[in-house]
Amino acid sequence: MTASSGPWANRRLILKGAGLVALIGLGNAVLHAAPVFAATNDNKYPEDAFKQKNAGDAIKALYGRDHEASDKIKLDAPEIAENGGVVPIAVTTSLPNVTSISFIVAENPFALAASYHIPEGTVPAVANRLKMAKTSNVIALVESGGKLYSATKEVKVTVGGCGG
Amino acid sequence: MASSIRVRAILNGENAEVQTLIQHPMDTGLVKDAKGELIPAHYIQQLTFTHKDKTVFLADWGTAVSKDPYVKFAFKGAAKGDELKVSWVDNKGATDSLTATIQ
Amino acid sequence: MRTALALGLSLAMSLSMSAAAHAQSGAAEGQKLAFDRGKGNCLTCHEIKGGDLPGSIGPKLENLKGRYDRAELTAILNDETVRNPLTVMPPFGRNRILTEQEISAIVDFLQTL
Amino acid sequence: MSALRALLVAATALGLGATAMAEDKPNPPADAKAFQDYFVKKFPKVAFDDFVNGPYSMNADMRRQWEEKEQFPPYEFALEAGKEMFAKPFKNGKTYADCFPNGGIGIRQNYPYFDDKEGKVVTLELALNRCREANGEQPYSYVKDEMASLTAYMAYTSRGKRFDIRIPDDPRALEAYEKGKEYFYTRRGQLNFSCASCHVQSPGERIRAEILAPALGILNAMPIYRSEWSGMGTISRRIVTCNSQTRAVPLEPQSDEYRNLEYYLSYVSNGLPVSGPGARP
């Protein structure tokens, strides 16, 4: 996508999406019971890891092992976040046998932001939008073949220009 | 009421590309309201995508996921017209779900 | 209200300090005021050593020493539209965004740059 | 310096409508041409239609973040709500469509307009509330929520249509335009900014991390989802917050001054496409 054609291409997507939303809206129903997950223990919500304040403790609680930097992970994040409340961050990797991808925002009050299970057949790539309290390293963790790899990038977050 | 979930699932080659936007406050529990009182934490903890009884993607989220969360992923093995079930549960036990059709 | 409080604090501080100590701590206080979003908020427009992620509207504040004397800096802070009617720099003194004492402290700080 | 004198100095120094202002008679077409030429010359790399994308037309890193957002834009929920609200009949059975030309579809580019009966400028937000009141419904808040959803939908049905603001041959219309222009260039508030200080003199520059948007096309993207607001806002909300951020006293939404301002600012963006609803930092 080029910078000049980009938004217009997206707008067409939106138009397409509008019809789609109308269609799928019919199939929606509010669940009254908890959703049913595949019956493995892996799918339990990692409450403890999300409660850890710093990155090291969160990674330990989530994975219980060390990570090493890998150039096979592409972490796509802005240099300067346009707004700390909505920072688009994406990861893709060429590492094999990926089972999970997690996002750490080191300087947030709670370092672990999101963790995604990647079952077999799912592409090891995730894009999401995260909150950042201030300028911080963002660490993408990729669990591959039972090992843990990482990529890190600093994202600058600043206050708005007009005074308080 | 309209669903809290919006999904676009589009087959592109062998990958079904899935984008989801969910209407949810994702309150961190650290922000005060206009009266100076803390707004209690209220956030989606798990978001599950199921295709033919198989979980194809599972998100565990904390409070650092943005308001009205967005996530994008892709998986193999789907055909046009297949159903994709999306459901979430938040820290207060509220849930919502929706079944989308892969286009 | 905020201004009155700051004025009070600032006065109290000046009174409690010896003249010798004044310039130095004036500069430190001035830096604080310059960086404070509710006061000078200088980083919104100016790059200043020691301040993160500045804006780009105004000139970089460096090598001020020797280029401007105290009176000139005070005048610019007070109301730059006098020299340059088109400036977007707020008239900090004229519009009472900062008190005289606060401007003086910021000038102390600017003279260290 | 009087407001008018300051206005003359500013507009002349910026090369904006200097010719028009030097003449005895106001000349809106010449104003609009000078205004647009100024931005085109200042930003030779920005395609004309791209000015409606505000800060994203002037900064590549910000643009990438925006393009990511546009894949599934944050105004999506407001847009859908607006569509539903627009179609839902009032208690008397009538709908918004009954109040507007072409059933309200694809008409955003014609607002605001000068109403010769009232002798004043009528904005889309004002017309929507008048429609509600004429049908026995309570008016909505001008700044957000329902009003933002309704205008989001109306803008969406008008995307790509070019602003076509008319100044009829009526001295009151010209006066409204001139007053709007004066408001735009007049400095106010504790920080002593005019609208032009930021959006004509300094677009593309950063105030801390924020990129100032060009005034040209700024209203074409309205209403907007602002991350800073964590929600939607109307033109009224944008103008009110601009005033309070520069420590001026905001006026009532849809006051004559704001209506005139919107008239002027929309007129000088004639020819640019509607891009709203938009997303902004």
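The first chain written gets the first letter, and so on, giving A, B, C and D; residue counts start at 1 in each chain.
Simple rule for what comes next: a residue touches a chain if its C-beta (ideal position, glycine included) is under 8 Å from a C-beta of that chain, and two chains touch if they have at least 3 such contacts.
This structure is a prediction, so every number in the text was calculated from the model and none was measured.
Colleague: To get from subunit B to subunit C along touching chains, fewest steps?
Modeller: Between subunit B and subunit C, the shortest chain-hopping route counts 2.
Colleague: Going by CA means, which chain is nearest the middle of everything shown?
Modeller: D
Colleague: So which has more C-beta pairs touching, C-D or A-D?
Modeller: Ranking A-D and C-D by C-beta contacts puts A-D first.
Colleague: Approximately how many whole Å separate the CA-defined centres of subunit B and subunit D?
Modeller: Centre-to-centre distance between subunit B and subunit D: 34 Å.
Colleague: Once you find the CA centre of subunit A and the CA centre of subunit B, what distance in Å lies between them?
Modeller: Measuring from centre to centre gives 12 Å for this pair.
Colleague: Among all residues of subunit D, which ones touch two or more of the remaining chains?
Modeller: Residues 71-72, 74, 76, 80, 206-210, 230 of subunit D each touch two or more of the other chains.
Colleague: Among all residues of subunit A, which ones touch two or more of the remaining chains?
Modeller: Expected reply: 13, 17, 21, 80, 85-87, 90, 127, 129, 156, 158-159, 161-162.
Colleague: Residues of subunit B that touch two or more other chains: which are they?
Modeller: Correct list: 2, 6, 8, 67, 70, 72.
Colleague: Of all residues in subunit A, which touch subunit B in the complex?
Modeller: 13, 17, 20-21, 23-25, 27-35, 37-38, 43, 45-46, 50, 85-87, 90, 105, 108-110, 112-119, 121-123, 125-132
Colleague: For the complex, give me every residue of subunit A touching subunit D.
Modeller: Residue positions touching the partner: 1, 3-4, 6-7, 10-11, 13-14, 17, 21, 78-83, 85-88, 90, 127, 129, 156-162.
Colleague: Under the stated contact criterion, what part of subunit D meets subunit A in this complex?
Modeller: Its residues touching subunit A are 47, 50, 53, 56, 60-74, 76, 80, 159, 206-210, 227-228, 230, 245-246, 281.
Colleague: How about subunit B: which of its residues touch subunit D in the complex?
Modeller: Touching subunit D from subunit B are residues 2, 6, 8, 19-21, 23, 67-68, 70, 72.
Colleague: If you look only at subunit D, which of its residues touch subunit B in the complex?
Modeller: 71-72, 74, 76-77, 80-81, 84, 230
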